[in-house]
Amino acid sequence: MNVIGLCGSLRGQSFNRMLLQLAGQCLQAAASVVEHDWSAIPPFNADLMAKGMPSSVRALREGIRSADAVLIATPEYNFSIPGMLKNALDWVSRGSDQPLLHKPVAILSASTGPLGGARVQYDLRKVLLFTNAAVLSKPEVFVGQAADKFDDHGKCTDQATREFVQAQMHAFLEYIRWQQVQRMARATV
Amino acid sequence: MNVIGLCGSLRGQSFNRMLLQLAGQCLQAAASVVEHDWSAIPPFNADLMAKGMPSSVRALREGIRSADAVLIATPEYNFSIPGMLKNALDWVSRGSDQPLLHKPVAILSASTGPLGGARVQYDLRKVLLFTNAAVLSKPEVFVGQAADKFDDHGKCTDQATREFVQAQMHAFLEYIRWQQVQRMARATV
Amino acid sequence: MNVIGLCGSLRGQSFNRMLLQLAGQCLQAAASVVEHDWSAIPPFNADLMAKGMPSSVRALREGIRSADAVLIATPEYNFSIPGMLKNALDWVSRGSDQPLLHKPVAILSASTGPLGGARVQYDLRKVLLFTNAAVLSKPEVFVGQAADKFDDHGKCTDQATREFVQAQMHAFLEYIRWQQVQRMARATV
Amino acid sequence: MNVIGLCGSLRGQSFNRMLLQLAGQCLQAAASVVEHDWSAIPPFNADLMAKGMPSSVRALREGIRSADAVLIATPEYNFSIPGMLKNALDWVSRGSDQPLLHKPVAILSASTGPLGGARVQYDLRKVLLFTNAAVLSKPEVFVGQAADKFDDHGKCTDQATREFVQAQMHAFLEYIRWQQVQRMARATV
């Protein structure tokens, strides 16, 4: 099974990238998680889209389409979704062949403050509702005080965090499989 | 009085740009509204910011700082804030000299569907709360079915829309003046 | 198949009750929708709950538990969920034997204004996320200008509204069946 | 100056009631905070309202109208506003003589979990926006792990919490005074 990972932060030492890697380790017996670098995606502009989807957008769309599932690990900026991650989703959401349709998605967030992104995830769920993606409900994963939970090599040093992520990935695997059964059934009918 | 206008859409024939211009006409006896082109602002990245604010970001920050107020007219993308507008705000919100602090802001939205952006404005208010901007509460302006309300030259042809915007700008002017009185009082103390 | 219906409004001639009935007609070949009268549920109070769930609360919990699915048709009060509907859900959400867990839910809203409840549904989805109910994503149903769409006998006179509700109920039936397959599979493992 | 306090929880030993009392202590040199018991307010029902506002509703409306400001301390139920508090606000929001109009409001929340109500406050702000109340923006007060921060007599034992509340009340007093200046000016014009 292959899972595409999207990190909501562009900085090199992002805690959310570390969180994505931790999720990948939790899944590794069943799936490989590959982070997709979406940083070259241009600003969404309907005039530009009229000339065709840019290659970086097509790459992300194909990456999502060909993946069995999507993992999004994102910080919270100003109580909501990082603009650039939203911009990438704005491109992905367009067109009749929308790759997020019925695609299983799980959300995680890490922050250096105490709340761990308690506000961004609901906005992100609302955006994904628009695309009709199949978003895992529970368990939710919020990693607060992230700087205390990952070492300099990006390794998670907090057992509780590992267990939260493990539990979510366990639920996510079951969820992905059900979505696959449904997709096959839809194709059969 | 000078007001900086931010349009949430980058396309040329944006209905939200037309709405911004309509708001400018409503204000013209008291203030001039100049749209600020923020399209050159790069993706927010804390690593990049560590090297200093990019010039396009500094230009937007200075534009906001030196303005008496901010007008934001924005479409709704995927039930929320256009990613690039959010990216611009993500840059503006950083630093200890945050230009939106106590700055009067009014929000309008237009869409080609019936709801006129009924979902984006609350997310935008939440983001602006983070910056501690002074956001006008009421009246709210939602322009649904925008394609029927502006002509090919961008002129508003709908009397009800004109009156809604006029009423909001009337309230906004009073609101800006009160914020100015408070700012002066703060400076005095 | 039996579906429990919850109307967010307590007034007799509620448009949302009419909408619930319309949904019931759309489902009638496959399921019967019975509205549950939750109006006797007392104010949620943890001290009261400590003495045991009140009988009206138990009735609602049992009604949900024994139903195959839940339909909620609700107005929007003050941009969000009617307080009393939320109070009923506050009671239902408590306890380890929470009846909404994995229960299929569909949401509709009607209003006399143009937006049809565009703001209440996202708040309601967030609340239902807490309970880990299985909430249908799309299609969404918003009935604006409801007074023009139902006659004095509560019958829907608007063909477009009928089709929107029909499409949602069609999707809901498929959704309920999948949730049932999953529940059976869970019970088997 | 007199401030009306609303506690979002009905249980006797509510941490939010303790938080309200702490806020009252912080204000005591300038204002007295009196909690208003709204527990007798019936379920909102437009048919009932058509017969006149119930006396418990009139008492709350008059309490708000005659107060200089409103303090709301509320728990988070199911990621949102407690249903009964919302029901009280649903009643208050009705009628042309709406008492929350331009009324200064500050929001605090306490929870026994780590997030301190990080999700309820934005929903409450959206509801209060409908009423056009004047809601203090910052500083926000979230009291997580409340059981560790108040003793058996309801006294706050956590110095950081005291300082957060003190800072908010300091800002609130200044905010109330400005709203009063504006109200007087409006009355003069």
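The chains carry the letters A, B, C and D, assigned in the order they are written, with residues numbered from 1 in each.
The criterion applied here is as follows: a contact is a pair of C-beta atoms (placed from the backbone, for glycine too) under 8 Å apart; a residue touches a chain by one contact, two chains touch by 3 or more.
For clarity, every value in this text was computed on a predicted model and none was experimentally measured.
Each of C-D and A-D has its own count of C-beta contacts, and the greater count is at C-D.
The greatest centre-to-centre distance from chain D, using averaged C-alpha positions, is reached by A.
Each chain gets one centre point, the mean of its Cα atoms, and the points for chain C and chain D are 29 Å apart. Per-chain CA centroids place chain A at a distance of 37 Å from chain D.
Looking at chain D, one finds that residues 79, 119, 122, 126, 129 touch two or more other chains.
Contacts between chains leave no pair untouched here, as each chain touches all the others. Every residue of chain A that touches chain D in the complex is listed here, in rising order: 79, 114-115, 118-119, 122, 142, 144.
The residues of chain A lying in touch with chain B in their complex are 9-12, 39, 43-47, 77-90, 93, 119, 123, 126-127, 129-131. Remark: chain C residues 122, 125-126, 129, 132-134, 137-138, 178, 182 touch chain A in the complex.
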